[in-house]
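In the two assemblies presented below, chain A is common to both, partnered first by chain B and then by chain C.
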Partner chain A sequence: MKHRLTLYCDKSQLADLRNFLSGVLKDKPISDTTKFEVILAVEEVCANLIIHSHGCNSKDKITLQVQEIDDKLIFEIKDSGKSFNLLEYQAPLLGDVIREKRKGGLGIMLVKKIMDKIEFESNGKDNTCRLIKIMDSK
Partner chain B sequence: MKVKYTVKKEDDFLIMTISGDLIGDEVGPKLVEVISDAIQENFKKCIIDLSNVRYISSSGIGVLITMLTKMRNVDGEVYLTSPSEHVKKLLIITKLNNIFSVFGSVEEAKENVA
Partner chain C sequence: MLQIETSHEEKYALIVLKGEVDASNSVELDEAINGMVEDQNTHMLIDATDLNYISSAGLGVFMSYLEDFQEKSIRFVIFGLNDKVLHVFHILGLDQLIKLKPDKVAALQELYEA
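Now for the complex of A and B:
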């Protein structure tokens, strides 16, 4: 079964996203801690797109599709425009974050640690980020 | 779950109790302002009780880091107490467990820090 959600590029939509994901994950055979982590990871990617790729322009939208295939949960996030390939993103040094020499960056590190696989595709216009979580992984 | 917080001052401790979902964008600036005000009042020890925080986002973690940085800039310190399994795991993944002092309860933090 596929679940779909369209988000307008406005930060207020993130609350809807969390509610949507809570509903989708409710009956999945994963711990509450893993559910929270998965929500955090998907929210992080969507928040990055909304804020950095689309400048919170509520006329833009991104779509999320969640699908369960075998033991995998696949979160496919699509948008159009400036791409953000988180696979190429270098996480900041923690010491720099603490000293405020650099803002943010922890979120992407968390996404990489939480998810089992990340895929990114772009044709220069349409971008697809796929976050894959194996349901029995820690 | 909407975030709520209470602040109390006991001896030389500022004790902030946060409950609900800690999303940085929603309440972050207000929480940081509380710390800034406390610093103006010469508080240097801040205990943040996370026992009722259900969910924390990366921006929520960012808020905790900002509060810690503000306190450390005046030779103060922030102590976290009673994080949930979810929060604990995030602290470990980000290695922030090495940066923050984490205690099992507010009482334990007060006993160890005083």
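Now for the complex of A and C:
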């Protein structure tokens, strides 16, 4: 199976993304909590791209493809904005988040805790982020 | 879709959240809490019974007030989180930083314990 969604870089698209993912994950052999987590993690990456890489420019778009290969769910997110490699991103410490009263930084922490594997590729123009969840992992 | 209702009870301020908090509407949550802080409320309750979803944008709003709450001796309790939303707080360890209670009775107890 392969599912695809194109998102315009507008924050209002996040609700559509959640609806799409709920449908795709509906019959997957994972718990409701895991489905909820996975939807959250994919949304965090897409929200990051929409806001930080594309400055909420609704003329830009990102594409999401969901594939099931063996026991893995693979979420492939492609965009052509400023490349953001979340593998290299150092998530802040919670204490710093509180002290600096910063409202960001928690999303990537969530993605790293929820997903089993994260891959990132960029050729300088097109970026691909792959989030992998093993279906029996939790 | 997020609906926020705010009210002032006799002894505390109440914010009721219904729906989903994400990056598109977390600023509304921010404004609601900021309003309560500016009104010099010292006891604040968040009713999250009908909150179905929260992303890091919403969690970040709560986190950004923790220091203010401490400086201004504001007591702040969230109650009624469903299991999935509560799980998100657990993943990040935010349950150690924010008082979370199952229902309003327990939340009020927490608010007024010595």
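Going forward, the second predicted complex is superposed on the first by the 134 of 138 C-alpha atoms of A that agree within 3 Å, B and C clash if a C-alpha of one lies under 4 Å from a C-alpha of the other, contacts with A are read in each partner's own complex, and residues count from 1 in each chain.
Going forward, a residue touches a chain if its C-beta (ideal position, glycine included) is under 8 Å from a C-beta of that chain, and two chains touch if they have at least 3 such contacts.
Keep in mind that this is a model prediction, so the values were computed, not measured.
Asks: Could you tell me whether chain B and chain C fit or clash when both sit on chain A in the superposition?
Replies: Taken together on chain A, chain C would clash with chain B, as the superposition shows.
Asks: Quick one: classify A:Ile30 as touching chain B (first), chain C (second), both or neither.
Replies: Touch partners of A:Ile30: none, neither chain B nor chain C.
Asks: For A:Ile74, using the defined touch cut-off, is the partner it touches chain B, chain C, both, or neither? Pick first, second, both or neither.
Replies: Neither partner.
Asks: Following superposition on chain A, which residues of chain A contact chain B and also contact chain C?
Replies: Correct list for chain A: 11, 14, 18, 32-33, 36-37, 40, 43-44, 47, 94, 97-99, 103-104, 106-107, 109-110, 113-114.
Asks: Spell out the part of chain B that touches chain A in their complex, as residue ranges.
Replies: Contacts found on chain B: 21, 23, 25, 54-59, 61-62, 65-66, 68-69, 72, 85-86, 89-90, 93-96, 99.
Asks: Using the touch definition up top, name the residues of chain A that touch chain C in the complex.
Replies: 11-12, 14-15, 18, 32-33, 36-37, 40, 43-44, 47, 50-51, 94, 97-99, 101-107, 109-110, 113-114
Asks: What part of chain A is in contact with chain B in the complex they form?
Replies: 11, 14, 18, 32-33, 36-37, 39-40, 43-44, 47, 94, 97-100, 103-104, 106-107, 109-110, 113-114
Asks: What does chain C use to touch chain A in their complex?
Replies: 1, 20, 22-24, 26, 30, 53, 55-57, 59-61, 63-68, 83-84, 87-88, 91-94, 97
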